[in-house]
Amino acid sequence: MRRGTWLLLFAIGCAGSQSVLDPAGPPNRSLNHLFWAMLIVASVIWIAVVVAAFWAALSRRRITREDLEPIITVPNEEHRRHTGIVTGLVGATIVILLLFLVYDFTVGRALAERPSRTLTIEIIGHQWWWEVHYVDPDPSKIVVDANELHIPAGEPVQVKLSSRDVIHSFWVPNLIGKRDLIPGYTSSLFLNADRAGVYRAQCAEFCGTEHAKMALPVVVHSRNDFAAWLSEARAPAAVPNDSSARDGRQVFLAGPCSSCHAITGEPAYGTVGPNLTHLASRKTLGAGTLPNTRGNLGGWVVDPQSIKPGVRMPSNQLAAKDLRNLLDYLQTLK
Amino acid sequence: MTDPIRRLPPNESAVAAPGVLPGARPTTLSDEVVLADAAALELTWADKPGLWGWLTAVDHKTIAKRYIFTAFLMFIAGGIEAALMRMQLSRPENTLIGPDRYNQLFTVHGTTMMFLFAVPIMTAMGLYFVPLMVGARSIAFPRLNAFGYYTYLMGVLFMYVSLFINMGPDAGWTSYPPLSGPQFSPGHRIDVWAQVVTFTEIAALAAAVNIIVTTFKMRAPGMSLNRIPLFVWAQVTVAFMIIFAMPAVATASTLQLASDRAVGTHWFNPSEGGDALLWQHIFWFFGHPEVYIIFLPALGFITSIVETFSRRRVFGYTAIVLANITTGFFAFGLWVHHMFATPIPELGQSLFTAASMVIAVPTGVQIFCWLVTMFSGRPRLTTAMLFILGFFFTFVNGGLTGVMLASVAFDKQVHDTFFVVAHFHYVLLGGGVMPLFAAFYFWFPKVTGRMLSETLGRWHAWLFIVGINVAFFPMHFLGLNGMPRRVYTYLAETGWGPLNELATIGAVIAVLGVAVFIVNAAISWRGGLFAGANPWDSYGLEWATPSPAPSYNFVNTPVVLGRHPLWDTGSPLPVVTGLRTDRREVLVTTTFDAQPDSRHKHPTGSIWPLVLALVMAELWIGSIFTPWAVLGGLGLTLLGMLGWGLQSVREQDVERVDTGAEIVEAA
Amino acid sequence: MSSRSNGWRATCSALIGILLLSACERENRRFQENPPTATPTSTALIVSDLQPGPGMVIPKVEAPYDDNAWAVSEGKSLFNSMNCSGCHFQGGGGIGPPLMDEEWIYGYEPQQIFASIADGRPNGMPAWKYSLSTQQIWELVSYVRSLSGLNPKGARSGRDDHMMRKTPEASTPNAVPKMSSTPPEDSA
Amino acid sequence: MPRRERTRCVSDRRRLFVVAVGGSLFLAGCKGDKEKDDPRVALAARVGPATTSGDTTTKFADDGQWVRPAKDFQGTRFSGLTEINNTNVQKLHVFGTFSLGTTRGVEAAPIVAGTTMYIVTPFPNFVYALDLTKEGMPTKWSYKPRPVNAAQGVACCDVVNRGLVVDAGKVIFNTLDGRTIALDAATGKELWETQLANINLGESVTMAPLVVKGKVFVGVSGGEFGVRGWLKAVDENSGKLAWTAYHTGPDKDVLIGPNFKPFYKMDQGKDLGVSSWPADQWKIGGAGVWGWITYDPELDLIYYGTANPGPWNPEMRPGDNKWSSTVFARHPDNGEAVWAYQLSPHDEHDYDGVNENILVDMDWKGTRRQLILRPERNGYFYVFDRKTGEVLSAEPFGFVNTTTGVDLKTGRLQYAPEKATRIGQVVRYSCPAAPGMKDWQPSAYSPRTGLVYIPHQNLCMDEEGLEANYIAGTPYVGTNVKMYAGPGGNRGFFDAWDPVGQHKVWSIKEDLPVWSGALVTAGDVAFYGTMDGWFKAVDARTGNPLWQFKTGSGIISQPMTYSYGGKQYIAVLSGVGGWSGAIVAGGLDARDSSAALGFVNAMKDLPQKSTKGGMLYVFAL
């Protein structure tokens, strides 16, 4: 419980990489102003109503015989006074609501602004992972990645959302509110971050068995870092030098892996699962389910079903040596 | 309750009210006549004894009791599911319940609470008390009423049998396609959901029709529209809402989703020109009013309780009636605020933001009226009132977060997170369940003839109110910290563990509270203090007859001279006589002024409602497995309806009232 | 009241229970399990109706997922993502033979279909043994069987969220399977 | 006979064009008074001059023989033989038959060189040599190449073979599993064999090779299997690979060098075969060659078109996807590309560009030009300047709504955005359907009439994009397609097109798609076959039906004509199948409308109209 209390305080402070109240960009910052304004007003109203109710109920607990007589007729002036009070309160409610409304529209308009020229990223939802395309007018420069989103700070980024199966919802709490990925619709929102860091996005619309394990680390780079990252991301995978990794590459290409996964630069073009060209440089495995370590990767390859039950990746029975080599290879995919 | 019960002298002004029945001759009834009538009426109106009588029962109180009992069982079932989910979420990466089971649990929890508990129990309260409150012998369509209950019962059984054989629905109580569609939900789990929804819709519609007709055509003489108790007004508003809302979800679930799944239509298949968003529009066109269908009856409870225990007639009767109706009306104009994260044009979203904020006004009006009533009255803090305070504490919080959620920008942040989970549990538990518990404490004596223990009641109230707030308050922070709803687990690194642990502790406290209530009810059912006709010295007609109310409700139909009959006139009330005692007869009055209009012969017990419910259950459940069951089921249903209809035709009889009814003063 | 209610409630539950007993298997979702050990034996390779000697009985292997809606639907998704549909389309065939009709070249018994998928067949059917897990192949077996109605109806798939190409498997009439005389165009 | 026709000419206006059949004597007399009334006569009159302007086609023709499927290097399928003509074709009768021993679709042409007829069957690609000198055309020798059975699994659209070629005493043909084999024409002995394609990459070979200047040109099929398309040249004598031109990837693989001068800007630039694809996608980008190659000896260039890009689903391959659906002009010696023109950049609907390029010299708007006539799958009849690759004209020869036309300034095909194929959305009524306005079935050109005879289909489709998954050796398509008859309700046409006037001269409606090639002779008779087995002869000038014969199975092959011993023969292979006939050849189930890439839906009635077969029919007067 002490830990709980401590964290409750922490929660009210609400710092974190997946927190609405720790804005990392202008849109969420203006939303936070709206939130705090509404919260304060709402809190005042709540306290006032609760205090009034308790006071009314508790102030006259001593009951005399007379008190039990029901009051059927109320003197006119008292009635008028009551009417005045209620009318006043209702009026105040309306005024407060109007103010909320105007404030909300103002913030909403600001959030809805469409910057003219921006980087466009397509995010495609799958059960239960994210496919990310960094769009470029030159098709050969399009980068296909998965389960991690990289964006530059200080520049609005357009995110186009679509889904291949069921409804998902894209949500980076630190940056902006969510947007659904609905089959048959393409929608878009603008991400605008001004603070580099890693934020956590998570699917926010129930999408089936593993809805809980469909997260997306969002890496906000400084502008230069982003350019560097992007050019790195465009580089195809190289054939490794070391022999065990080369054997692992063979395991990958000859075994079941390449039926579902793609590695740019290698004859593996599967689209069923995430693109693995830069697997080793990712922070997590299984769409934000596990930290990307060698041990976890091994566990994931062999028995994903016990880590993320229901995931579309089957369990793989590999000889110990093959698994070792495969992991050696996968770890070269920076 | 140990307070002395005193008869109050009739209030002068109330007696001075103009006679409602011009031309009627006041007479006096002797005790002997009343007793003889009562005996005759008991013979006429009581359900038959034995198993057959039990199956053919149509007494609205019997049916409503079954309704309430079943629905409360569902509350317990839903609560157990909630407790299991809280156990699973109490710490990160818990493996107590796997995703497949968890998804079934939260779906069944939501569906149970919304469709099998909240709506049925709220309408059941109306089915029990509306006839009593309007001074009617019975409900308008008793057989339809029984049919509604059995249909609902079939839904309950179907849902829970399914859950136990691993066929529990698992796409959320909102069952959004395409997830709930044939491709992504193989098997029959979602079909169960779609048909359970159908069962409850039919039941709710049957109840709504009954409440409307009972209220508008069977009120006691003198109970003109402006004298209808606010409880009844709330029920009537809700009944109308049910009539408009339920067909929407019936269309979506039974017609569209089920046929997409069973016969391959393409309503929600975007490839073939269907639209996944169509579901959300139709569902929320029902789903949002649904919340008010649960909430408005609770407001009716609150008014009765606040009035009674504040010892003051409610302030702003007209305002509250109008607020009720306005709420019911606006409730249909808000549905898009459940869909702010979908690609809907911003202008449209703004309109729904505005509407969502506007609806806070009528609710505010009611809250302010009660506050003024309490302030200017002399409140007694009974258990019921304690729950009303719990309502103020909890519901107002939820209402205010609701206003915040109307903001598109803010809603997009917390939509589908634990913030929203906290919000609607605050609204539904605070605005629905707490008033319901208050109502249980308030009307239990009327239903059973015995008082619930106030001591246990206070334990119950405090445990429940504290438990609920401990369970759900932290969820606001969880939501703001990024925790989406409907997740079966979460990673330790998210930092959501401690608050979840706290929420689980809160859930345990609330469960204890409910356990205390169950114990209280079990003890008091047979062993509570005798209540007498009017233990709280309340004002409504339901208190003008013995507790529990006899099968015929009133020996003679009371005459109403004001909004608070027992306070206005005192007991015993003036009555009308002239209804036959040797056969079931009800008095039909005019819609506006409640002038006696005609006597209707009233239906007796019948097995057909049960039969029809069974064959229709066969139709719906069978249709999951083969579309041919629809044909067979339709045939059987037609036969069932024929049987029912023939029985009704045989018994059909209406007589106009000319001078049969008389206003008399009780001896 | 409740004692009486228990009576007929129990009867009612029992009835529905019996009706739905099969649901237990149909609705199971076994994500994590050891691949069914029933890998087919050499009997799977028998594709002839003619057996020497009297009274020879070919042992049958039950398909582990024939009755399991989830597994059949996983099989369907594999059928499409592993490009089975590229040759067999939605069962009507094209490059490969149709799978929704009553004719079977290499046998319709679960273990025969398993062998066809795992080991491939000479006229263009690839061997999937090394690309799919045993569990996945069994899921495919049951989906393939569902195409012509060889598994229980309740476990078959409804329409998918794509172009309406044919009646969904759940509504496809059951075909009576038979062996076709020869594989078409076997090489000279 | 002439008299009777004159009577009909006068009596029945609707059959007026019969008059034109009657030969020049009567034609002149009839034309004078009827010209104003019937536009079709007027058309015939207008094309008249073209017939007198001689062209190069006859230079290489030895009309007694038919040594390659298209008869000559220019791909005219025109024979100068006149014994069978529009006045006596009614008297044709079966001279001989021969069973091929196969039951899959037969798309090949019988080949006659010297006194022998050579036939290559569909998989398993038997080769037969029939002795024309003996009665009953007995088999001289036969050859069984024994292709790998598994190759059937990578043949998208039935296991067809489009023919063999005879050159310098060799019979050269391709097998489905990707081997090119040379046999001694006299003995059937194998001279050499070269493996060119790899079925494990989805590669197969169905086309007929072309031999030019000692090189055998072979292209790959497999646009539905994610191959990387190529054309290979093999030395005719040794079977050694001379050069390979890929159709995707960097310029050096495509054999694009300094002499590459495409006419339009859209086709100019460095390494477009890489930069017009998403990363790596060009490696599995399709663009095979399985249609027709023609050769212009004057310019010393070969012309051919490349197939569709892979996968079909265009959303998976943003960019122009060079060099899919492209016409290439290359030097045969080293494969160097001279010009290229992309017919359907970023192909949306499987509009392969493999159709024939018929090389003719004719007057074009007053000047004599070296042209390519090309009825294209995307529905347009292209006229190119074959020296430069300039598009002179591109007019639709049927109902097209997937595109709105070809911009002659930029050379770019203009797509209709509402018909674009999208993932997760069924786009309805896209015309022409995936097989195009005209698929592989080659047309014929008669220098006498100046008309191109186009056998083609009239199909529309519903199409939906899917996310295709690439697994080497398995299909890589990514669409759901459902085809059905186009406007008018008939599924096929046999049309005569005037390339100069850019319009249709006459048109014959056929219920089923016309999936056979065309043949036209100097006797002014055009031949084609139908999928229900009718072999038909029509008047080349008017389209008037003259004669028909019902063969045992549907005809989807290429008719040819030859003479032996001073007598003219017409030969055709009958055996239904191919993509359009897969429902019969493969015994497919029509309840699945997506079967055979959606073609089955349009051919549900075919099993009632035709059965499997494989038979040679030779006709003579």
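Chains: A, B, C and D, in written order; residue numbering restarts at 1 for each.
Just so we're on the same page, contacts are C-beta pairs under 8 Å (C-beta built on N, C-alpha and C of every residue); 3 or more make two chains touch, one makes a residue touch a chain.
The structure presented is a predicted model; accordingly, all values stated were derived computationally and were not measured.
For the interfaces A-D and C-D, which has the higher count of C-beta pairs in contact?
Pair with the higher count of C-beta contacts: C-D.
What chain lies farthest away from chain B once each centre is taken as the mean of the Cα atoms?
If we average the C-alpha coordinates per chain, D ends up farthest from chain B.
So what's the Cα centroid distance for chain A and chain D, whole Å?
55
Taking each chain's centre as the mean position of its Cα atoms, how many Å separate chain C from chain D?
Here the centre of chain D sits 42 Å away from the centre of chain C.
Can you work out the whole-Å distance between the CA centroids of chain B and chain D?
Their C-alpha centroids are separated by 74 Å.
For chain A and chain B, let me know how many angstrom lie between their CA-based centres, rounded off.
So the centre of chain A lies 37 Å away from the centre of chain B.
For chain A, write out the residues touching at least two other chains, lowest number first.
Within chain A, residues 165, 183-184, 209, 259-260, 272, 309-310 contact more than one other chain.
Show the residues in chain D shared as contacts by 2 or more other chains, in ascending order.
Residues 424-426, 464, 469, 471.
Send over the residues of chain C in touch with two or more other chains.
29, 31, 81-82, 131, 161-163, 167 - these are the residues of chain C that touch more than one other chain.
In the complex formed with chain C, which residues of chain B make contact?
These residues of chain B touch chain C: 51, 54-55, 65-66, 69, 100, 157-158, 161-162, 165-167, 178, 181-184, 186-189, 260-264, 266, 269-272, 621, 625-626.
Using the touch rule from the top, collect the residues of chain A that touch chain C in their complex.
The contact residues of chain A facing chain C are 165, 183, 209, 254-256, 259-260, 272, 303, 305-306, 309-312, 314-317.
Quick check: in the complex, which residue numbers of chain A touch chain B?
Touch list, chain A to chain B: 3-4, 6-8, 10-12, 14, 16, 18-21, 28, 31, 34-35, 38-39, 42, 45-46, 49-50, 52-54, 56-58, 60-61, 63, 67-74, 78-79, 82-83, 85-86, 89-90, 93-94, 97, 100-101, 104-105, 107-108, 111-112, 127, 165-167, 169, 171, 173, 176-180, 182-187, 200, 202-213, 288-289, 309-310.
Flag every residue of chain C that touches chain A in the complex, lowest number first.
Residues in contact with chain A: 29, 31-32, 35, 77, 81-82, 130-133, 135-136, 161.
Report the residues of chain C in contact with chain B in the complex, numbered from low to high.
1-2, 4-5, 7-9, 12-13, 16-17, 19-21, 23-24, 26-29, 31, 69-70, 72-73, 153-155, 157-164, 167-168, 170-171
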